[in-house]
Every structure is written in structure tokens, then in C-alpha cells.
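First chain A sits with chain B, and in the next complex the same chain sits with chain C.
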Partner chain A sequence: MGLGALLLLYYGLPLIALLITQSPAELGERLADAQVRRAALVSLGAAGTTTVLSALLGLPLAYGLARGPDWWTTPVTALVVLPLVFPPIVSGMLLLSVFGPSTWIGSAAATAGLPLTRSFAAVVLAQTFVASPFTVITAKSAFEGVPRRYEQASRLLGTGRWTTLRRVTLPLAAPGVAAGLLLTFARSMGEFGATLMVAYYPRTLPVQIWVAFTTLGLDSAFPVAAVLALLSILVLVLLNRLGPNAWE
Partner chain B sequence: MTRRHFIAATAALLAGGACTSDSPSSVSLMAAGSLNHALENGLAKQQSETPLEIEAHGSVTVARLVAEGRRAPDIVSLADAALFDGPLHPAWHVEFATNALVLAYNPDTAAGRQLAEAGPANWYEPLLRSEVRLGRTDPDLDPLGYRTLFALDLAGRYYELPDLSARLLDPRQIYPETALISQFEVGAIDAAFAYRSMATARGYAFVELPPQINLSSPAHARNWYERATYRLPDGKVVRGGPISYASTIRHLRPEVRAVFRRQCRGPYLTAFGFSVPDDYPRVYGDAPAPVSSAF
Partner chain C sequence: MLRLRALTKRYASFALGPLSLDVGAEVVGVLGPSGSGKSTLLSLVSGTETPDDGTVHLNGTALGPCPLETRGTARVFQTSALFPHLTARENIEYAAPTPERVDELAALLEIEEVLDQRARTLSGGENRRVEVARALASDPAVLLLDEPTAGLDTPVRRRLRGHFRRLLRDLRIPVLYVTHNQAEASTVADRVAVLQDGELQQVGPPAEVFNRPATTFVARFTGNPNVFPARLVSASSGPRVEWNGARLAVPATDLPPDTDVWLCIRPEQVELCPEDDPPASPNVIEATVAQHIFRGGEHVVVLHVGDEGDEASLQARVLPSTARVLDVDRGDRIHVRLSPDPLHLIRR
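And then the complex of A and B:
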């Protein structure tokens, strides 16, 4: 308990330092700044989209990994973890070399009116690469915690595969799945390195913090960082209150 | 909040976010980090009709990103015209402002106060006594880094201390530019080589260096600044020269030209600590008629 409190203190001190050193007037000024508000919207929108995408694409993958045979789940799990190993800047450079304007995918998408760099889509691509593994890995262990015999019992009672998944497996795995999605959302809100490489515009809050820092230094960057902290805490508390049932 | 409200709110946010991507009439400008403050808070604020999208990195990074096709900005503005001799090769560029190297110090530390006392004539003495925690940026990543090496090389010649650089330089002094700023602002570094514009904008205390050393004076370029050289990782050798900001247009549209003109001639430059010599802006190479006639 005492050791846990020590860690909590370690997490808490920087946040407290960030929040108490900012005067409410300064924070209000930043919230009124059109650039900061736009960046906040982009951050929330992109992190939300990334979380939804991670759920749509990541949960089937997580379920497959939880139930599949070892010979393929082990290498695939390693592949899923790979984005967590790369420094985000490296992830950004790799994404640029696949989706950049000089690649065939990038130029085809740009011709079709959906540029994959310097666009909202680019922000989502960067965040999904870096943050969706949290959903897959966490949901995988949540699905593994659901005993197979419950699914088998449901199937024996004549329930279909899909209904069993929806009515038996997902509700039992829900807390773990929700935790993974929360992690993905939080990581997306803070994503900077990969976003800087592939997008920069439209600016997210982390990019806006960096711009404030490189133009006027720490004193200018901290109020924007406080906006990011407050916004993220607000959303995470809201999502937490909705509870695991939100994903049923 | 019900789940339906939550979903509606999320959808509204998504729609809001999706609208903010590039609009076709905006002008994109990729610039050296040392220009970022002046561009963001000077140029962008004084012109409102065209939305301006400014992206700043170290000059070498900007040049590489554009040369490798990773970025396609309308305007490229770098802290060293030499980068327009490679990796970028535009047909023309305009030099529009100069800057100077200064030695910024932290007046709250003992070592910083020693530098302040030593002043422009003896600034290197506290550094040699190794009481000063000195910071500088990576010479392989941005011109500020290799210009620091040039300044020390020239200082060695100017003060007739041939081993000055060897005695002062230590790889542990190297930080990425952004980390250097934080370390300096929180007091972990006593002194750092910086551009005068940057020191002025942030209110740093600094020691002015003599013009023979600070790379500000086009008059000292020949037979003096040019003696200092540095080899970049790609094998290209950069040579000392006045710190001169250069810019070129990559997509010549009327609104881009208007922004370019304001960037190169605007009164914001001197307000943000840059100098504009009498014969600036200067056009080099074959600029298209609408550009060259504007200067």
C-alpha cells in the first residue's frame, strides 16, 4: 500500500506542478485562443476516431489471437507489439515512407481527395499505428480470461456463433476490453512523435504545445499542456463513468 | 450522460475535426526553427486574408524532408542558403535577413555571472576554466550546431588560441535544440550558444560576440568566416559564412507570392531580433519575372 502511494505521488507531482503553476487567467486565455481550441477539437476527434477504429478492427484480431493456435498467434502478437517498441518518430518515418506524397499509395489517395499526410486522416493513421496495440493486447488477455466452456455451453444450447460472442464472451471480457480502449484513447491524446512526422497540420494539442515551446519556451507551452491534461482527464472520467457496458 | 448523448457528442467532435484539414487556398510554409517565433507571431498575425500553415524543424531536417518528397510546402525558408546548394536545388532563392550568434547565459547561476563579468572581450575564459556547463545543438542536425563550431574555430584564430575548440568542446554538451532550450530555462545549463533573435525573443541574458566571431557580418565573409568548415554526415562540407536566411517558392501561385513578399520584406523581421542589411532582400539565381520584379 505504502509503495503504491509512493508511485502515485510520483505520477501526481508533475501533474500538480503543471496545474498549480498555471493561473486561471492564463488558462482561460489559452482556451479562448482559436488555434488552441481548434487543436483541442482535432485531438479529441482524432483520438475518438482512433479508439473507434481500434475497437472495430482490433477486437476481432484480439479474439482471433485469444482463441487461435499458438503457431500463428505467437508471431502475430509479436507483430502487434512492434509499434510499441519503435520510437514514435521512427513509426512516423515508416508511415511516411509507405503513405507519403511520393509513394504510390500516398499519391493515389491524394488524387482521390483523401491525402494521407498533413490531413485529419494522417493524424488518425499515426495514432492508430501507435495506440491501437493497447486495445489488441489488453482485449486479447480479456478474451483469454473467458472460459471456453461458457461459449461451448452457449453453442450447445443452440445459440449461434455471433450471438454467443455478443451475449456471452463480450460481456464477460468487457472490463478488459474497455480498459484497452481507454488506454488507446489516452495514448492517442498524447501522441506526438509520429503525428509530427506525418501530419503537423491539422495541429493536435501535442503539436500545438511543441509550437508554443519552440517559439516562446516552457512558460508558453505549459498552459497548453494544462489544457491537454484537463481535457484528457475530463474525457477519461466520463468514459470511465459510462463503464464497461458502454461497449456492449 | 446517456450513451446516445455520448455517441452524438463524439460524432459532433469528429465532424468538427474533419473540417479542419488543409483548405486549398491556404499557403504552406516550411521554415527553420529559429524563424518559427517571428513567422508564427509576426508574419502570420500581420496577414489575415490567406491562412498560413507554418511548419518548423531544424533547417537540415526541413531540407531533407522536402528533398526526399516527404513534404511539399509552397515556400521553404532556411537558416542557411548553403542548403539550397544541396540537398535542395531550387533554381533561385532570396536572402532576406541575417542573425548573429550570441552566448546566452543564466544570470541566476554563479557560472552565468562569471560570463556576464567576463563580457564580450573575455567570454571564453570562464568557459576554459570549465566551471561553466555549456550547451550547444547537434552540428549534424542544424546550422546552429555547426555555426557554434565555426564561431569557436574563428575565436581560436581571433584570440590566437589555436587549441580553443579542442579544449572547449565535449560531446556531452550536445542536446537536440528543444532539449537545449528546456535545460537552459530550468537552469541545468549555465550557458548556450544561441541566435540573437532567439535570445531577444525569450528575454535571455546574453554576451555579444565580436563581429569577427558572431557570423553576422557579410563584410567578414571572404578570407575570414569561410576558413571555418564542417563535414555533414552525407559528406557535404559546409563553409563558414554570414548567418543569412534564405527562402524560395516551390508552387508559384498569386497568394503564395504575396505571402513570400511579406515574409521577405516585412517589418516583423527587425521587431523579432533579426537584421536586414541595406542590400537585402537579395535574389540569387533565375527567379521568375513576377518574383524578381517584386524586389
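And then the complex of A and C:
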């Protein structure tokens, strides 16, 4: 318990230092800055979109991994974890090599009016690559934690696969799934390296912090960082309160 | 009619079958020790496992290709499969066509008072009843129960047994009731199927399986410790067996004379006689009391029969109401009567 408190302190101190060193006036001024407000909206919008995409695409994959045969689970899990291993800059480089303007996918998408670099879609692509594995891995564990006999019992009572998934599996896996989505959202809010590579514009808050730091110095970057921290805390607390726990 | 034909499932360290069994509108108790394949059998019938060979037919229809939800085989799992995020009522509603059916089943299984409790807060006995109610709510064509009283206290288990007996027999559908408890199987089932190492050893009415076991495993597993090597001989007055120096009359048998056999003596059929009043009837032998244990509902007396050093241990179970047995103690020499009719022979 004491050791845990030490770690908690280690997490909390920098955050407290960040927040108490910023005067409300400075924060207000930053929030009034159109660039910062635009970056905050891009960050919230992209992180939200990434979280929804991770749920839509990641949960079926997580379920497939949880219930699939070993020969499939092991290599696919390794592939899912890979983006977590790469430095985000490398992830950005890899994304550029697939979706960059000179690639056939990138040029086709740009021609169709959906550029995959320097766009909101590019931010979401970068965040999804880096942050969605949190949803897949955490939800996989959550699905594995639901004993198969519940699903078997449901189906033997005459209920189909999808209804069983909706009425039995998902409610029981919900705490883990919600935790995975929270992690994805949090990681997306803080995503910087891959985003910087594929979408310098539109700026997210982390990119805006970087720009403020490199152009105006540390003192100018801190208030934007405080905005990012406050927004993230607010959304995470809200999401956490919404997260159901069927076991309780 | 549930018809299993040459049903086979192979794992790395265990194989079930080939197993064939017909189950009509009756309760068949599947009896066997842990690891004998009882739960595997239910998994193959319910479709949660796929057989390597063999078929499952229900009323003439092959169940092999049917998805779980259309098989009509409701299952009560050994470990509770009530949905923990739902109340008892919601669990039953999950399968029940109407709210009236929920109330009807709740009354039948005497669970009205716990209907609004979350499943995970139910006691063991309540949990089992709700799970049976939920299984019945789906109006199954076959009901599979996997150790439905496992892990419960003895009084609760006994009460549930009686309850299930009445309930299941009234269903008039094929019911497979898996248990490792021979008393439970004989209480609940119309017929008993004994499994050992994935193979059916014997199928028949409980009394037949208990009193006329087909193998020494069935004899011992159904609670008979008195299984002895003996030899069948012929005599002018009828068949006899030679066992530890005694020559005992046995019922008429198809086995030829001079056959090595296993002699099975149900411990309830061993009659202790006072030393000073040896009955003038056949099959009375002398024995020495080795142990006398009071086990609550019965006395267990272990007797040594035969010459010292080569004696057999014969167990007698006697009800406390047989008062005179209470006097016997270790070392006493007494007479024992083994009525011929209950003696059973298995070819060695």
C-alpha cells in the first residue's frame, strides 16, 4: 500500500506542479487563444473518433482473439502489440510509407477529397495506429474473463450468437472493455510523435504544445499543457463514471 | 427419443466411447467417478463439443449440424451458469416465453422469494433451482444436468434430490442426469448408466445395476466393497461357490461349473447372528469382528472370514434398529448368514 502511494505521488506531483504554477489568468488567456481552442477541439474530436473506431473495429478483433484457436491468437496478438513497441515517430514513418501523398493509397484518397496526411483523418489514422491496441488487448482479457459456459448456456436456451454477445458477453466484459476504451482515449489525447509525422496540421494540443515550446519557450508551452491535462482529466472522469460494471 | 450411436471423442490423455445409448422419455442417471467422461458426454449431446465419430439423433433428426440455439438441449452446468448480472427472474425470463411461465416455474421450484435477487447473491441450493427453472423455461426437448447438486451441503443435496426426482420424472422428455453419487443416481433416475474411463459399463434400472453389477468396477462404484475371487462349482442341490473355505449356495446362473468368478455380497445383505443362536439355514459362516464403526445412520461391521493370514474382509452394514449388533466388538467370533438370492457372480 505504501509503495503504491509512492507511485501515486510520482504520478501526481508533476501534474500538481503543472497546474499550480499556472495562474488562472494565464489559463484563461490560453483558452481564449483561437489556435489553442482549435487544437483542443481537434484533440477531443480526434481522440473521440479514434475511441469509437477502436470500439467498432477493435472489439470484434478482441473477441476473435479471446475465443480463437491458439495458432491464430499468438501471432495476431503479437501484431496488435507491435504499434506499442514502436517509438511513435517510427509509427508515423510507417504510416507515411503506406498513406503518404506519394503512395497509391494516399494519392487515391487525396484525389477522392480525403487526404490521409495533414488532415483530421490523418490525426485519427495516427492515433488509431498507436492507441487502439490498448482497446484490443484490454478487451481481449475482458472477454477471456467471461467463462464460455455463460455463452454456451445462453445459446442452448435458444438465443443466437449476436444476441448472446449483446445480452451476456458484452455486459460481463464491460468493465474491461470500458477500461480499454479509456486507455485508448487517454493515449490518443497525448499522442504526439506519429501525429507530428502525418499531420502537423490540423494541430492537436500536443503538437500545439510542441510549437509553443519551440517558438516561444517552455513558459509559453506550460499553460497549453495545463489545458490538455484539465481536458483529459475531465473527460476521463466522465467516461469512468459512465462505465458499467455488471459484476457489481 | 435421444439416440446416441458410437459417439466418440478423443483427447490427448482421454477418450470417450464409442458409446451408444437410447434415452426415451425418462431420466437416465449417468454415474461415474471424476474423469470418467460424464461431462464430456453432456458436451457432445449439447453440441458444445464436436464428436470425432458417431451421431446424436433427437426424435429421428441428426443434431450434428445444428447450431447450439436450435438443438433443443438445455443444460444445467456443473459450475453455475446463471448470468451474474441479472436477477433470478431475469435469468428465467431470458428463456421463458411469457411472464406467467416464469411465475409457474418459480412456484414449481419454490424460488418465488428469491426471484428479485441478483444471481450471484443466491445460495448454492437456490442457484441450482433457478438454473433448472431457466433450463425448463426454454421448453427443451432434452434436459442435461451436470452434477446439479455438487458442492452443496448434505441436507440441501438430499432435499434437492427428492425435489428433482418428482420434477424430472414429470417432464416426459429425455433427461441425462450426471452425478458421481450412486445414492443420487438411484433416487433420481429411472435407469442408471455407469461410465468408467470413457466406456459404458452397464445400463439398467438402479436396482439391477446395484444388485446385479456387470463388472467389478460397477459393483465397487455402487458401494459394494465385498467383491471376492471365488470358484463356481456344481452340486446336486444347485450351484455353489467356494470362497475362503466356505461353500455357499448361490442363485441359478448361466455360468458353467468350474468357472472362476467374482462373488459380490451387498453389505446390507450380510446378516449378523448371535454366537449362541446359529441359525439352521444354508450359507451360515463363522467370522471374527475386526472393526465396529457407528456411522450415524448405520453400523459398519468389518468381519474377517477364513483362515488367519488368508482371511477376507467382509463388510456388513446394519441399521441401528437391529439392536443386537450393537453388542459385537473387535475380536468377537460370530455367525454370519449370507442369503443365497442377493449373492451375485461375475465371470473372472
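Heads up, the rule we're going with is that the second predicted complex is superposed on the first by the 244 of 248 C-alpha atoms of A that agree within 3 Å, B and C clash if a C-alpha of one lies under 4 Å from a C-alpha of the other, contacts with A are read in each partner's own complex, and residues count from 1 in each chain.
Assume a contact is a pair of C-beta atoms (placed from the backbone, for glycine too) under 8 Å apart; a residue touches a chain by one contact, two chains touch by 3 or more.
Everything quoted here is computed from the prediction, not taken from an experiment.
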- request: Please work out whether A:Gly68 is in contact with chain B alone, chain C alone, both, or neither, and reply first, second, both or neither.
  value: neither
Message: Tell me the contact category for A:Leu216 with respect to chain B and chain C: first, second, both or neither.
response: first
- prompt: After superposition on the shared chain, which partner residues are touched by A:Leu172: those of chain B (first), chain C (second), both, or neither?
  reply: second
Query: Between chain B (first) and chain C (second), which does A:Ala153 come into contact with in this model arrangement: first, second, both, or neither?
result: second
- prompt: In this superposed model, does chain C or chain B come into contact with more residues of chain A?
  reply: B
Field: Touching partner for A:Pro87 - first (chain B), second (chain C), both, neither
entry: neither
Chain B and chain C footprints on chain A, overlapping residues: 246
Message: Looking at the complex, which residues from chain A come into contact with chain B?
response: 38, 41-42, 44-46, 48-49, 52, 96, 100-102, 115, 117-121, 197, 200-202, 210-211, 213-218, 238, 241-242, 246
Task: Sort out for me which residues of chain B touch chain A in the complex.
output: 1, 3, 6, 10, 13-18, 20-22, 28, 33, 36-37, 40-41, 53, 55-56, 68-72, 177-178, 181-182, 185-186, 201-202
Field: chain A contact footprint on chain C (complex, rising order)
entry: 46-48, 67-71, 73-75, 77, 79, 81, 83-85, 94-95, 120, 134-135, 137-138
Complex interface listing, chain A residues touching chain C: 147, 149-150, 152-161, 167-168, 171-172, 246-247
